[in-house]
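Each structure below is given as structure tokens.
In the two complexes below, subunit A is the common chain; its partner is subunit B in one and subunit C in the other.
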Partner chain A sequence: MAFQTLLFYLFGAVLLTAAVATVTLRNMVHAALSLILSFFTAAMLWMLLEAEFLSILLVLVYIGAVLVLFLFVVMMVERHTPTIHHRRNYRLVALAVAAVMAAELGAALVAPDFVPASAPSPAPLGHSNTQALGSVLYTDYALAFEAAAVALLVAIVGAIALTLRARPDHHRQNPAHQSRVRKQDRLRLTDGRSEPPC
Partner chain B sequence: MLEWATDLSVWLRVGEILLGAVLILVPLLATVAYYTYAERKVVGFMQMRLGPSRVGPRGLFQPIADVLKLLTKEVVYPSQASGALFRLAPLAALVPALGAWAVMPFDDGLWLADIDAGLLYVLALTSLGAYGIIIAGWASNSKYALLGAMRQAAQVVSYEIAMGFALVGVLMLSGSLNLAAIVQAQSGGILDWFFLPLLPLLLVYLVSGVAETNRLPFDVVEGESELVAGFHVEYSGAAFAVFFLAEYSAMILISALTAILFFGGWLSPFEGTELARHVPVLDSGIHWWLLKTAFFMFCFLWFRATFPRYRYDQIMRLGWKVFIPVTLIWIFVLGAARYAEIAG
Partner chain C sequence: MLSLTHFMLLSGALFAIGVAGVFVNRRHALVLLMSLELILLAVNTNFIAASHYLQDLAGQAFALFVLTIAAAEIAIGLAIVVVVFRSRETIDAEDLSEVRG
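Here is the complex of A and B:
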């Protein structure tokens, strides 16, 4: 067995275990950490496919930023009441979704034009994955790339517009004003004598 | 089947990589130990004190005494802490901080791994370091630690964006993500180094680096006056030492990267001149990289002794409202300059 195949099965096993743990663990922080592990293992699988640019990007963007914020929110949940309530109707919906997904995956697997891909032949030495991706992205797919960027911008503006509510008791600071403050604006020197008793 | 396992050359290569890792990590850990000594001496002199002076001549054995003390102290596990995660957190902080050194080019041809997306790899690993602190804060089951971890998560995510944008400028000028190629793109003398055309981005990068490593004036994560010691309140002995190690190796990493990305790494400022041709010390070599790195390491200590701690809302304002617009504008300027073929 080639070393890569061995690694593939190792990463695959870790990925599946972590993914199952994400949905079964009762503690939400543990579940979020398993999600991080499964993302990381997925990135390693991409690395095996010699897609090192995408693989490192997955670690940088999803694990390094998105999931940090995920964990941030989950950690706010009270430590000793993290169990998720089980209700029968949710379970039914979950089973229905799982059944649909399993059917779709099965249909894809038995389709006649489905051929299991073999490992890619090693790229020639000096081949730059990053450069290849960049030149395709900014020439052939420039329009789609720009459209995705605009869609993200709309999402950012939308998120801010939805959550930014003007509050009547809102405090606003003017940093320029704060740093212009001098000693004589705040400090009043007195001669130190106490008030005469009345 | 397993024919690779019986191939001697495979194991020789594995041994070679392990030896390389040891050759990087042992000097790095020794530097961390003496960096703490330098910190106490430098900050001491800046505050008209002597700093450590009792253990050994001029206090030179102080780091060794500190290490022995930390290693022999008992590690206390809080009874309500989340056991496995509490033990995992220091390692989760240390491993990325050390792993990032794998792609560091020390001299022309002197590196452990020459990977194409080297800069991205370093960025990815430094962003992973945040997990050690977040997990530590949560697993300690202490309010101070949790608050420290919250501040850390928000701060790192905010400054990572500015840092990433600052590095986009480096990529635009060098046209590569490979650290060695970035250094080679700066060859030609001191005026060809990237710090000149990228001056605003250099400042953003340096300040973001200080914020990412939670050093003063951005150390609200530990803020001893309000949070006791932040995320590592509950850690003692060797477990605390590991966090310490992670923080200091991250500081050295940021300094080394500043030297490589903006100041030409191993390149000499006298490169190509008559002087460099006659005096070999003045020609390019690893000593220039060491010198530049040491200067930025000193800057970390200098900042610590000079600036008062930022207020939390000021930190967020600086990251989002000042640094990100500055980097975006400068990226646009660089793009225009490259289009007009002025720079790069």
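Here is the complex of A and C:
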């Protein structure tokens, strides 16, 4: 159990450092890479909480797809963007807001009314988190699951529709035009003698 | 011995860092999106910690839905950033004030 506590503090320190680096680094590629590091350590923490499926999902799907997409956009945009200089420095405001928010959350957690649940015993050997999650996801939350799928579909269509750009020299087929073509439009019969090109 | 309070304090600190990031980088659209990602990560960690300590899988199911919506949000957000960048050659969020009332 002490080993898990050690891991918690190790991953927690890396997570908070990477999060601070994400919001303070000037270089956007470095910021995106620190964001990836913070997601990775968060996945390790979720593994400590025995949420194996979501932990693997965060690494495979979220880091592998979403954050790499983020990195692509950062590299595409940053090359042409001069550094944005802030007219006012909001660092003091940010520190104040963050301190107040952290103090409130901490005060709620250490209040005597808050009685945290005791640590559950570890899951038995052979217990499948994926199976357990699937058994509630496809029964109790089936409607929410379908709604999430629809939301993803809408996001796909929206993102493609937003960024689709037709080039002026783009060749595309027009089926209505193709099916309206008559023989006279394409075929010209000559009598074999040379005639001036029309 | 790890308790629920450990994880909740950690995710509270992560949430505060994300909120501070929104203030520090309020002109930079991409870093704003990164700060939103940090905030959503803190919320998800909270959900999963509560799910583990209360032995209730509803928290993990909800975290999965939050991940789904976060992915959709980031796809749309990045598409908007790309469109704005193509037409304006900048992603400075304070320059986007044409529709101000």
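As a working rule, the second predicted complex is superposed on the first by the 125 of 198 C-alpha atoms of A that agree within 3 Å, B and C clash if a C-alpha of one lies under 4 Å from a C-alpha of the other, contacts with A are read in each partner's own complex, and residues count from 1 in each chain.
Keep in mind that, in the parts below, a residue touches a chain if its C-beta (ideal position, glycine included) is under 8 Å from a C-beta of that chain, and two chains touch if they have at least 3 such contacts.
Since this is a predicted model, take the numbers as computed values, not measurements.
Q: Can A:Leu16 be said to touch subunit B (first), subunit C (second), both, or neither?
A: After superposing on A, A:Leu16 lies in contact with subunit C but is clear of subunit B.
Q: Just subunit B (first), just subunit C (second), both, or neither: which does A:Val59 touch?
A: first
Q: What is the contact status of A:Ala32 with respect to subunit B (first) and subunit C (second): first, second, both, or neither?
A: The answer is second: A:Ala32 touches subunit C but not subunit B.
Q: Between subunit B (first) and subunit C (second), which does A:Ala132 come into contact with in this model arrangement: first, second, both, or neither?
A: second
Q: Please work out whether A:Val68 is in contact with subunit B alone, subunit C alone, both, or neither, and reply first, second, both or neither.
A: The answer is first: A:Val68 touches subunit B but not subunit C.
Q: When the two structures are laid over each other on chain A, which of subunit B and subunit C touches more residues of subunit A?
A: Looking at subunit A, the partner in contact with more of its residues is C.
Q: Quick one: is A:Pro175 in contact with subunit B, with subunit C, with both, or with neither? Answer first, second, both or neither.
A: A:Pro175 sits against subunit B, while subunit C stays out of touch.
Q: With the two structures laid over each other on chain A, which partner does A:Ala51 touch: subunit B (first), subunit C (second), both, or neither?
A: Touch status of A:Ala51: second partner only.
Q: Between subunit B and subunit C, which residues of subunit A are contacted by each of them?
A: Residues common to the subunit A contacts of subunit C and of subunit B are 1, 53, 57, 65, 69, 129, listed in rising order.
Q: Please name which positions on subunit C make contact with subunit A in the complex.
A: For subunit C paired with subunit A, touching residues are 1-10, 12-28, 30-31, 33-35, 37-38, 41, 44-45, 48-49, 51-55, 57-58, 60-61, 63-65, 67-76, 78-83, 85-86, 89-92, 94.
Q: Which part of subunit A faces subunit B closely enough to touch in the complex?
A: The contact residues of subunit A facing subunit B are 1-3, 29-30, 33, 36, 52-53, 56-57, 59-60, 63-65, 68-69, 71-72, 75, 79, 128-130, 173, 175.
Q: Provide the residue numbers of subunit B that touch subunit A in the complex, in ascending order.
A: 1-2, 4, 82, 85, 115-117, 120-121, 123-124, 127-128, 130-131, 134-135, 137-138, 141, 146, 149-150, 153-154, 156-157, 160, 177, 313-314, 317
Q: Going by the contact rule set out above, which residues of subunit A touch subunit C in the complex?
A: 1, 4-5, 8, 12, 15-16, 19-20, 22-24, 28, 31-32, 35, 38-39, 42, 45-46, 48-51, 53-54, 57-58, 61-62, 65-66, 69-70, 73-74, 76-77, 80-81, 84, 86-87, 90-91, 93-95, 97-99, 101-102, 105-106, 109-110, 114, 116-120, 129, 132-133, 136-137, 140-141, 144, 148, 151-152, 154-156, 158-159, 162-163, 165
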